[in-house]
Every structure is written in C-alpha cells, then in structure tokens.
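Across the two complexes that follow, subunit A remains constant while its partner is subunit B and subsequently subunit C.
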Partner chain A sequence: MITTADMEAWLQRAADVLEENKGYLTELDAAIGDADHGVNIARGFAAVVQKLAAQPGQPLGPMFKSAGMTLMSTVGGASGMLYGNFFLKAANVAGDRQALTPAELLAVLEAGRDGIVQRGRAEPGDKTMIDAWTPAVDALKEALAAGQPLPAALCATAAAAEAGMRATIPMQARKGRASYLGERSIGHQDPGATSTYLILRALADALADEDAKQA
Partner chain B sequence: MKKLINAVDAVVREQMEGMALAHPDLLRVSLEPKYIVRADAPVAGKVAVVSGGGSGHEPLHGGFVGYGMLDGACPGEIFTSPTPDQIFACGMEVNGGAGVLLIVKNYTGDVLSFETAAELLHGEGVAVRTVLVDDDVAVKDSLYTAGRRGVGGTVIVEKIAGAAVEAGYSLAQAAELAQRVSVNCRSMGMALTSCTTPSAGKPTFDLGEHEIEIGIGIHGEPGQRRIPIIDADAITTLLAEEILNDGPYTRTVRSFDPMTGDWAEVSLTSEPFRAGDRVIAFVNSMGGTPVSELYTVYRRLAMICKERNIVIVRNLIGAYITSLEMQGCSITLTRVDDEMVRLWDAPVKTPALRWGI
Partner chain C sequence: MIGLVIVSHSAQLAEGVRELVEQVVQGGAAIAVAGGTDIPDAPIGTDPAKVAAAIESLLIRPEVSDVLVLMDLGSAIMSAEAAFDLLPEAMRSRVHLCEAPLVEGALAAAVRAKIGGSLAEVYAEARDALAPKIEQLASWQHLLPAAVPLAEAAPEQADRESVELTIVVPNQLGLHARPAARLVTLVAQYDARVTLTHDGRTVPATSLNRLVTLGVRQHDVLVVRASGPDASAVIEAIEALALDNFGDPIEVTEPTEIIAAAVSEEGDVVVGAPASEGVAVGPAFHLRAPAIELEEGVVADTAAERQRLREAVAAVMEQLRTLRAETTRRVGAAEAGIFDAQMLMIGDRDLLDAAEEAIELRRLDAASAWNLALRAVVARYRALDDPYLARRAEDVLDAGQRVLRHLAGVPADALLFDPPEPAILVATDLRPSDVARLPAGRVLGIITAEGGVTGHGAILARSLGIPAVTGVGAVALTIADGQIVGLDGGAGHVWLAPDAQTIEQLRQRRERWLTERSESRKRAQAPARLRSGETIEVAANINLPGELETALLNGAEGVGLFRTEFLYFEREAPPSEEEQLEIYRDAARRLDGRPLVIRTLDVGGDKPLPYLRQPHEPNPFLGQRGLRYCLDHPGLFRPQMRAILRAAADYPVRVMFPMVSRWEELVMVDALIDEICAELQAEGLPFDEDLQRGVMIETPSAVLIADHLARLVDFFSIGTNDLAQYIMAADRDNAAVANLVSAYQPAVLRAIRETVEAGRAAGIKVSLCGEMAGDPKATALLIGLGIDALSMSPAAIPLVKERIRRLDMAEAKRIAALTLEMSSAEEIEAYLSDVEQTELAAKRMESEP
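On to the complex of A and B.
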C-alpha cells in the first residue's frame, strides 16, 4: 500500500528537486515564455510542503486538496492553475483514504492528468506538460497491467515522462504564451513538460526509498 | 526607473490600502487574499458581478467597484493573473443569493484562474456564470494562438452588466446580455512609449524616439507592427479602420452551466460593423497620454464614423484601462441596441465612473 507518508515523501522530494532545478527551468522558460517557471514552481512546492507540515495526519483527499489550493494561490500564471487542478482532481479520487493500492494510485494520477487536459485544453503535440503526462500515465497503466511491482512501474512512468519531455523540442507550440511565437518555438524543450518529468521522477524515487525502508 | 512606490513587492497592497482609505463609502478591501468589494456587499437578491486581472491597468477593475457596476474585483500582481482563491473568496463574499457573474478577459492565466474559481464556487452551492471578453482586433488568428485579448471592451461590458443586475436581471439574463455586449466590442490600441513594471525596473520593450507600436495589448507586450511616427489623425484613421474593416470573427468560448456544473463550448461570431450601426465610442489613454490628446483622437474618430454612417450614440473619453505609464491610446467601438444604451445611462457610483447619482 502507498501511505500518506509516502505521498508526503513524494511532495517533499518534488519540492527539493524543483528547487535544485529552478535555474534550469527558468532558463528553458526564458527561451519561449516569460522566464519565471522555475522560480514560481519551486516557490509553490515549497509552500505545499510547509502547509502539509502544519497539518499532519490528513487523509489523502484533503492532503491533495491542500496541495492543489496552495499551488494555485502561490505559483501564479497558467502552470500554477494546471498543477493545482491536477491535485484537486486527484483529491476527488483519493477521498478519505489513508492509503492507496497501485491501481488506486494510477486512478489518482489519471484523474489529475485528465484535470490538466480539461482545464488547459491541450492535446498531445501542442508542446505542453501534457506531452509528458500522457505517455507517463499510459506507461504506468501498461506496467501495472503487465504485473510489474510498483517501484519498477514508476521507473517506467518517469522514463516515459522524460521521453515525452524530450519529444517537445521539435514541436511548435499551439497553447499558452509560447503559441504567439509560432515557428520560433521550435527547437526548445517545453518548461512545463520538464517540471512534470521532475515531479514524476520524484515520485519514482520517493516510493523506491519507502520500499527500501520497509524491506 | 522613477516611480511613486515604496517597495516593489508592496505596490499592489499599498494601492489597495489607499483605495480603502479614500473610498470607505463605496468599497471594502481584503488583503489576504486580495480583493475589493462594494461597501454594501452582499446585496440580497441581486446577482453579483465580479471581475479581476493583473494590476497595472487601473482604474480597471477595482476603480469600477460600487453601485451599478462591479460587486467585486480581484487584482493580481502587476500584469499577472489573480489566483482562484482570491476570486473564490471574493465571490463568496459578494454572493447575495442570486448568483455570481464572472467577467473574464481572454488571457490564458486569467481564463484558467476564473474557470477554477467558478468550479470552486459551484462546489459551495453558488450559481456561477462566466463571460469572456476578447475584443482586440490586433490578434487575427484564433486557431493557433490563445485568441484575441480582452482590452477596452471590458469597461463597456462591466458597466452594462452591472447596470443590468442592479435593474433585477437574473444570472442567466445578465450573462446572456454581457456576452452579447462583449461580442459587439472591437478594440485596437497603439503605444508611443513602452511601460516599466516595478519588478523589471526597465521598459518592457524599446521604442525609438520616432517609432510607434501598433496593435499593442495592455501588458507592454509587443504589438502587431512598428511604424515611423505619424500624426494624430493618421493614427486615429489607422486604428479606426482596423476596427471598422474587421471581418466576421468566430471563436469557441467555454461557458459554465450552473445547473450541471459543466462547461459547454459555444461558438460565437462577431459581425462586422455596418452603415447605420449605433455605437458607444470609447477613446482610452494607456496611462501616460493626456486627455487633450484623447480629444484630438476623438475629433478624427467622430469624422470617420460620420463618413461611414456609424452613429456614435454615447462616448467615453479618458484613462480607464491602462498599461501603467505607457503613452498611447486605444479605441473601442461597441455596437449597441436600445437596451444596452438604457443600461449604459443607468446610474453608476464607483471611484472611476460616476453619473446619474
């Protein structure tokens, strides 16, 4: 089972990784956006972790809802709304649960991803974070269906997100601020897809750690 | 950078504190989260109208809070969308039981934020509808970009929607009317100079002494094209022709259904202006242009409308939707019918617009 402690470890790890990579993310954003993604997203996840520490012992639904609301109120701009919406939709699925089976974790991630699609109306190929989310969720579904243990399945998830992130480089942006650049957006890696990869990598790493602890 | 500020990160808060001190008879201010509501909110039984957006466009939106216009306004940081928690808290405070109409300017961040807030309000049992304003004819393409930006038309939509709910329109009636006004607005702006956001500390774009930027938005973003400076009549002609010659414009708008709690996609088309149309003509300063120059623009605009048999039935001239200290202007023409004119004339009492009361 995936516990609330596991999910807290994920968010903590995501906050750390985004903080380490905020310069890199902002650099990517400077090329095709407004040069604030790294700083904004690192600030948002730091606030999420801080807020969770102040409210220990919550079930997963309220925990995700708190994360979503915090991201929306601290990140600013479209990415804060999209990641915030991911956690709000995830919260609806998680409900009062204190722990998730791997299949329930998949359902949570899938609902979150659908929330991003629904809010941002991006399709695969538009050069957005969806280009990382969609292959990642598909990879998790396949790996679990094939009977892989969770840590291996989450490694496949992160690897698919990474491949999706790299696939944004030759794409022309069709959504968000980068869309006004037209062809000039080609040749740059999407910053949102990059932060999504980092967040999913943090999930795989956090649950691999938890597994080792229990073993 | 020379500005009348104390600290970069205090600009929005200190402005709000000043408004609260200046207009206690008209409005109240919340600083955490940030929003402005009319002094007598919630007004029982009346639909509440809420808008918001980045700061730096004052008096939009906070200056339009009061009787006959907005019930609430949510300011973001300078040129940055407000967050859903602000809009949610504001909506909860102004809801008088008849629902909340959200007026949204078309920018990706604003749209996402207001859509999220609409769902949060719906989750609390508040009836919500949304209206999108996207009147900037400088953006031609709606397919491969985020679509036309919301600019001067916002002022017209907020005034008419505010008057409608004061007159007892239901949420559905007010939303239908506001969207109809929005679809009949067309705007075009230009800049003589750039503007400087406090956090950047330097001009957003460089414009030579003898250059002007045509088709700017309201965030100091570059416009459609840059040309050598021409005189006021030539600039006015250029802006007016972009508006009057603009063909039909169709876009898909997401509209919230308070019954189902779902979003419906609606296709809306703005029809071109035609001889005989009656309009509200709005000549707006981008912040740094004096009223004297706006009247010079209006003079030429009135001549052009007369030549084309476009009847200006009302006008608004001044700085109402600005881009900090940018010099330049925008023209907005809104095709109106009798109902809209009547609501335009209805009493309004806000810090920035006040008549009939």
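On to the complex of A and C.
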C-alpha cells in the first residue's frame, strides 16, 4: 500500500529536485519561453511542502487538493494552472483514502493527467508536458498489468517520461508560450515536459526508498 | 447590469484597462480586476483564486445579473477557466468567459453594459470590438505582404456566387420561435448554404437557436444569403414564406405568456385564476424533474461518448415526437407546436456540434459536454431583450434536460416534489399523474404558471382541499425555492414577496380559514335533511383514490362517481384484474360501509390510451366513447367488470356505465355480466350476483328513452357536463361556443326533469353527478326537480349540505317550477343567484340576532 507518508515523501522529494534543477529548467524556458519555469515551479512545490507541514495527517484527497490550490496561486505561469488541475483531479479520485493500492495510484495519476488535458487542451505532439505524462501513465499501466512490483513499475514510468521529454526536442510547439515561436521552437527540449519527468523520477525514488526501509 | 472582470498577467495592465474604461463610462460600469499574482518575486502571472474573487465581488452586487470575463492571453485563459471551476455551482451559469480582445473588448462592453445592454448585446459588442480598428486601418493593408489578405479571399469568392435577399420582417412578434422554426425547416429541404445577417451578426439558417437568439423584431431588416446548387430556389422559397408572414396569422393575439405577464401586479401581488379556495403562506418549492448530478468525468473513448450523446438526443427527439402526437390529440395542434420547436432546438446541429467538440477537445463525458453546450444556448436566449423570446430559454432548457435525464437513466416523466418542510408547490402546470404522486400533507398550497380554473391542476387541488392559484404566468417560475410566498385561492391572489406584516396577516387568515373549514367539516358529518324532513344523499366524485380522505372529512356519504381513468392513463399496459380488484377493495374499505359507485372506463378518441390502437376519429366526442368502446373491446372491459363484481362480494360496490345511447347496449352489458358471473362461479371466486347497476344519463338519446333504460338498471346518474354539451350541440373545448355549454340551459333542465320522471315511474333512484351538483346555487332547483342524491367534488360537500338543511321541499318545488318557466340560461342563472343571495342574507341575519 502507498500511504499518505509516501505521498508526502514524494512531494518533498519533488520540491527538492525541482529546487536543484531550477536553473536548468529556467534555462530551457529561456530558449523557447520566458525564462521562468524553473523558478515558478520550484517556488510552487516549496509552498506545497510548507502547506503540507502545516496540515499533517490529512487523507489523500484533501492533501492533493491543498497541493493543487497552492500550485495555482503560487506558480503564476501556465504550469501552475496545469499542475494545479492535476492535483485537483487527482484529489477527486483519491477521496478520503489514507492509502492507495498500485492500481489506485495509477487511477490517481491518470485522472491528474486528464486534468492537465482538460485545462490545457494539448494533444500528444504539441510539445508540452503532456508528451511526458502520456507515455509515463501508459507505461505504468502496462507494467502493473504485467504484474511488475510497484518500485519497478515506477522506474519504468519515470523512464517513459524521460523518453517523452527527449522526444519533445524535435517537435514544433503548438500550445503555450513556445507556440508563438513557431518553427523556431524546434530543437529545444520542452521545460514543462522536463519538470514532469523530474516529478515522476521523484515519485519512483520516494517509493523505492520507502520500499528499502520496509525491507 | 452586466459586470466585467478584467484578467491580466500584469496588475498594471489590468488597472490600466480599468482606468480607461472608467474614464469613458464615468462610474457607470460594474468592473473588477484580477491582475498579476501576489507572489513577491514573480508578480507577472495570473491567479485563479483572485479571478474567482473578482467575479464573486461583482455577482453579489444586486444590480449585476451576469459577469463577462475578459482576459489577456495564455495562462490568463486557463486561470479564468480554473476560476470558473472554483466558483460555487450556483454562480456558474451567470459567468461567461469572453474571447474578445482585452482593451478594445472591455471598452466596448462597458459602454454597452452602462446603457443597460443585455448579456447578448454586451457580449456581441465586445467580440466585434476590433471591427472599427480594422476598418480604420484598412488603408494600411496594401503595405502588408500579399499572403495575409489572401486567406480571406476564399470565402469572398464563394460569396460572389451567392444569392441575396433582403427581408423586412413583417411578423408582429418578430422572428419568434414558430416562424423561425418554419424557416429552418424550409431551408433544410434545399441543398444550399444559407445564412442570415441581422444587425451585423450572421448565423446559419439551419440553427433555430442561433436564429431565435438574433432577437429579430418586427420591421427589422434581415439579409439572407444562399450559396450552393439550390441557392436561387431556396431564396425564392424564403421570399414566399416571408410574404406569407412566415406562416403566422397577420394579427396574432399575443402568446399566452405575454398575457400572463401582463396580469395586474399591484405591489407584489400577482393575480391568477382562483382555482381552489383557501389561504396559504410558506416557503415556495418547485415541482421539478429530478436534478441530475453531473460528475464531470474525463473519457478515453471520445467516439463512443459522442455516439452515446447522439443516441440520447435521438431518444429525446422520439419522446418529444410522442408528446407532440399525444398533445395534438388531447389538446390541439396549436398547443403541440411547442414540441416542434423543442425538437428543432435540441436537434440543432449547432448545439450537438458544440457538445461533441467539448467531448473531443476537453474529453468531457457526454452529459457534462451536453450541459456545457446547453447552458451556452440557454444563456443566449436568456440574454434576449424580448421577454417572450427570453422565455424560450426555459423551453430549450426543458428539452435539453431531457437529454441529461436520458443519459442518467432517469425515467422521462418523473417529477418530484420533495421540500424539506411543508411548502407551497410551484409548477408550470400540473398533470393528473403529478398530483397523484404528491405527498398531500406537505403541500400547503399550489401556484401554477399555466392552466385555468377548469384545468387538471385546479380540479384536483379543489378535490384535495388545497388552496391554489393557477395561470399566474411566467413570474411563477421566477420564484426561488425557499422564498416565502402567500396565496389566496378564493381571490386568485399570489404574494411573491410579502413583508413581515403581510405574512402575519396571511398566517392569521389561514388560521381562520382552517378553523372555519374544520367547523364546517364537523357540521358536514351530519346527514343533509331538509327542513321539511326529507333526506338527500350527498356523495363525492372521486378522480383519484387520494381524494377519498378529503371526501370523508368533508362529510361524503359515499362515492357517487368513482372515475377509473386514472388506472389506465400514463402507463404502458392496461391494469390487470387483480390490480383493479385491490384498488376497488381498498377504496371500499376506506369508505367503511358507505356505497362506492364505480364508473367503468370512459375513454374515447378525445382521451386516447397510449397502448390501445385507437383509430383517429375526426369527431371523437361523437365517436366510440365510454360503454361503446368497452363493449367493442372485451379484452379491456372484462377484467374491469370481473374486478368490480369480485369487489362487490365484500363491499357495497355498484357499477355505472358511461355514454349510453341505446337500450341494446345495456342488454349487451347484462349478457356480458351473466357470462362473467358464470365464469367466476366456475372458478370458485366470490362475487356479487346482484350487483347494482346504474346508467349515466348524458346523451339526449338516453334522456328520451330513459323509460326503456330504467327497466334494465337500478339507478340513473345524470352527467350534466356531457349532457349539456350534447344537448346544446356545442363543444366545451371550442372557445367560440363554449358559453353555450351550461347546465342551466332550459333544454338541459327539461332533460333533467324528464329523467327524474322516468326514474320515478320505474321506481329507481335518480342521482346527479355533474359539476352542477356542487353548485349551491343549483341545490334548491335540483331538489325541487326531484333528484334523490347528489354527487360532487369533495370540496363542495359542506356548503351544499348546509344549503340543503335550510331548504323546505315546497319552497324547492316552487323554485324549480319557476325556473322551468324561464326561457334563457342567463335569466335562470340570474334568478338562482338572487335566490341564493337572499338565502345567504337570511342566514346572516339569523346568526346575528
């Protein structure tokens, strides 16, 4: 079972990783956007962690909801609205659960991904974070269906996100600020897809750690 | 007034737009801004919470009806959408995101909003705000690279081949739903692309919703453009239709809604039809289709979801088609027209396209997508200036919600009245089935938008003793749930927003009414004996078993007319023998030894049953009705007769046959009953072999051969409603002659006299069960004519009993004799009113010695 502590660990780790990679993400955004993605997202996740520390012991639904609302009001850019809706939709699925089965975790991530689509209306190939989310969720589904244990399945998830992130390089942006650049957006990696990869990597690491602890 | 919210990444830009706007409208705008973020090191950005707060700050202002949200770009759009999700459900329908350019749009919208523009106008103004700029800068276009204007060239070329027609709309009420529907239907028959342009807005002529929401009024100019193979032909056809006043009569009487809206409104009192006496005050609560909880879901298989939606729309189209057919048969083609319009409204490609787009693009589930598209259309209708057209919003909504219900698997005609506390029921109109399901104890009073004093709603309210005002018009539908309202069903008054003092007065009046009623009910328990000693039996007419209780409370000595149609209507198959037996037994049990006269099924072409294939009759009132129909359909009739015979084994149950005009019909019934008795005997089921039978005297023929009929039955029951109609050869549903249909016509009174004499001669009881029986003005006359028993609406019983007790037989005979001398219904009614007034005055004198 994946517990609230696991999810808190995930968000904590995501905040750390995004803080570490803040410069890198901002650099990516400088190429095809407005050079704020790293700063935005690191600030947002830091705020999320702070908020969580103030309200310990919540069930998963309220916890995700608070994360979503916080991201929406502290990130400032498009990604705040998108990751914000990710967590709001995830919260609907999680409800008042205190723990998730791997299948429920998949459902949570899938609902979150759909939330991003609902808000941003991007399709795969538009050079956005969706290009990382979609293959990642698919990979998790496949791995679980194949009976893989959760840590391995989440590794596959992160790997798929990474591949999706790399695949954005040759794409031409059709959504978001980068789309204003038209053809000139080709040849650059999408910052949002990159942060998505980092967040999913953090998930795999957080749960691998937990697993190690239990073992 | 329409409020504006400005959303921008930059707080300064948002403030700047506000500054510009306020300078132009000088404080005449409701405007709020949501610019930038509250994040110190990243002030440029947008915050949905801020946007939501700005929207709410306007919506709570009483003068703001709707809010238009304008935004800059990118994540500002997402923020606005996210803000929409954050708003309370109830507010959302008043919030509209607008794609207009921020600065130009805000200025144009604010100017329009300041002069009281409707939502549609403000919205259109904002969207078109770039037009003046484009025009002014057109001269600079030659400096642009050629590629840009080329994109525009294609449609222009198509336009060159198009045919154009300019119409000055002749219709008195403008291009409202009916003429617009005719136009849409016409255009659909041609292979052509047709658009209509009105006041700068162009819409496809295939969309009824778009067409009606153009808000075209009489004398407005409409430009029709057609292209494609049939372009000329369709233009010709449209021209012909326009010359024909779009199929409307030249002089139209205003649609009922407008009449209703014009009823005198004195302060907050609205006047409707006084449908059922009594005073009520309390929270209002609407009778409504069960609300559909929409759970916004994201779907994976959008194609399947679109299919699901299409199937639901198709199913609802079918429902509407059936409703139209039924209404045409029962009421008339004009009343059924609404369903035609509703079919066009929800069958509108435009609406379906918008919903399917929401499924495709936003991956919404069918119901949420449909709801979204529907709300947008409804908002467009609501925003129209013309109150008649704006009312059409309810029609779209009503039809559209059928789709939602279908998607949710809720039965098409389920209606619910489920207030948290006893409440005043508000409805458009009441159907018998609605009333049958009402929790009577929770209904303090009834207010309906439509219907008169003779509608189902009114009749049933009276029989249940619930105060009711009907036909108050569209205002009824604007009453909010929980709002305290008052009504006086005797006067037809409704207080929409009574102040504390009025509420208190109404409470006191209600108390008084209830006390008086319970006193008169108490008195009504005693038999109705004339001063001279004779007793008149007073019984109740019952439409639905639910009325039995009121009938007994009011002093009914039995049921003189138990209508059985309720058993057969609004269902898929006829009721079984067992089901009927149960209901008859139950009614008889509740009557506790008092007689129950069951009338066999009285249907015909005017009251068709869905599961019977009844041929269309050009003149249903003169067609196969009542007993005629039953004798011809033993499959339907036998179970009912068997159930009645069996119920009569244990209880004082009698049977009565409607619409008899020949002696042979009763002979045939007798034979059938004999047959059934033999059957029941063989089956070993108990039954009453001496079942008392009666015949309704309601055709002139029955009156004239009453002596023959009397030999075959145990009693007569005169049905004055139909009798008057047939004697006067006038249809009571035809407004032009309805006034002829009065039981006070000398011919009808003579028919009653003849019937009584025939009954007397044969030694059988003669009762009367038409509306006349419940009219205290007729009591003396009827008793003077020799009627033995009266059966009436339960509500009328106490008064009629009191009237009887004050009568003397000799006096009644004198009144009857005098009445029969008179040559017109007018004279008769005037005389009887006089008699009643004198009577009342005498009674008052007595009680105030």
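Throughout what follows, the second predicted complex is superposed on the first by the 215 of 215 C-alpha atoms of A that agree within 3 Å, B and C clash if a C-alpha of one lies under 4 Å from a C-alpha of the other, contacts with A are read in each partner's own complex, and residues count from 1 in each chain.
What we mean here is this: contacts are C-beta pairs under 8 Å (C-beta built on N, C-alpha and C of every residue); 3 or more make two chains touch, one makes a residue touch a chain.
On a predicted model such as this, the values are computed, not experimentally measured, just so you know.
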First (subunit B), second (subunit C), both or neither touched by A:135: neither
Contacts of A:182 with subunit B and subunit C, given as first, second, both or neither: first
Partner chain(s) touched by A:38 [first = subunit B, second = subunit C, both, neither]: neither
Which superposed partner A:174 touches (first subunit B, second subunit C, both, neither): first
Of subunit C and subunit B, partner touching more subunit A residues: C
Partner chain(s) touched by A:111 [first = subunit B, second = subunit C, both, neither]: second
Shared subunit A surface residues [contacts with subunit B and with subunit C]: 69, 72-74, 76-78, 80-82, 84-85, 88, 119-120, 176-177
In the complex, subunit B residues that touch subunit A: 33, 76-77, 80-81, 83-86, 108-109, 112-113, 115-116, 144-146
Parts of subunit C lying in touch with subunit A, wherever the complex brings them together: 37-39, 41-42, 44-50, 74-75, 78-79, 81-82, 85, 298, 361-364
Residues of subunit A defined as touching subunit C within the complex: 36, 39-40, 43, 69, 72-78, 80-82, 84-85, 88-89, 111, 114-115, 117-121, 176-177
Parts of subunit A lying in touch with subunit B, wherever the complex brings them together: 69, 72-74, 76-78, 80-82, 84-85, 88, 119-120, 174-177, 179-180, 182
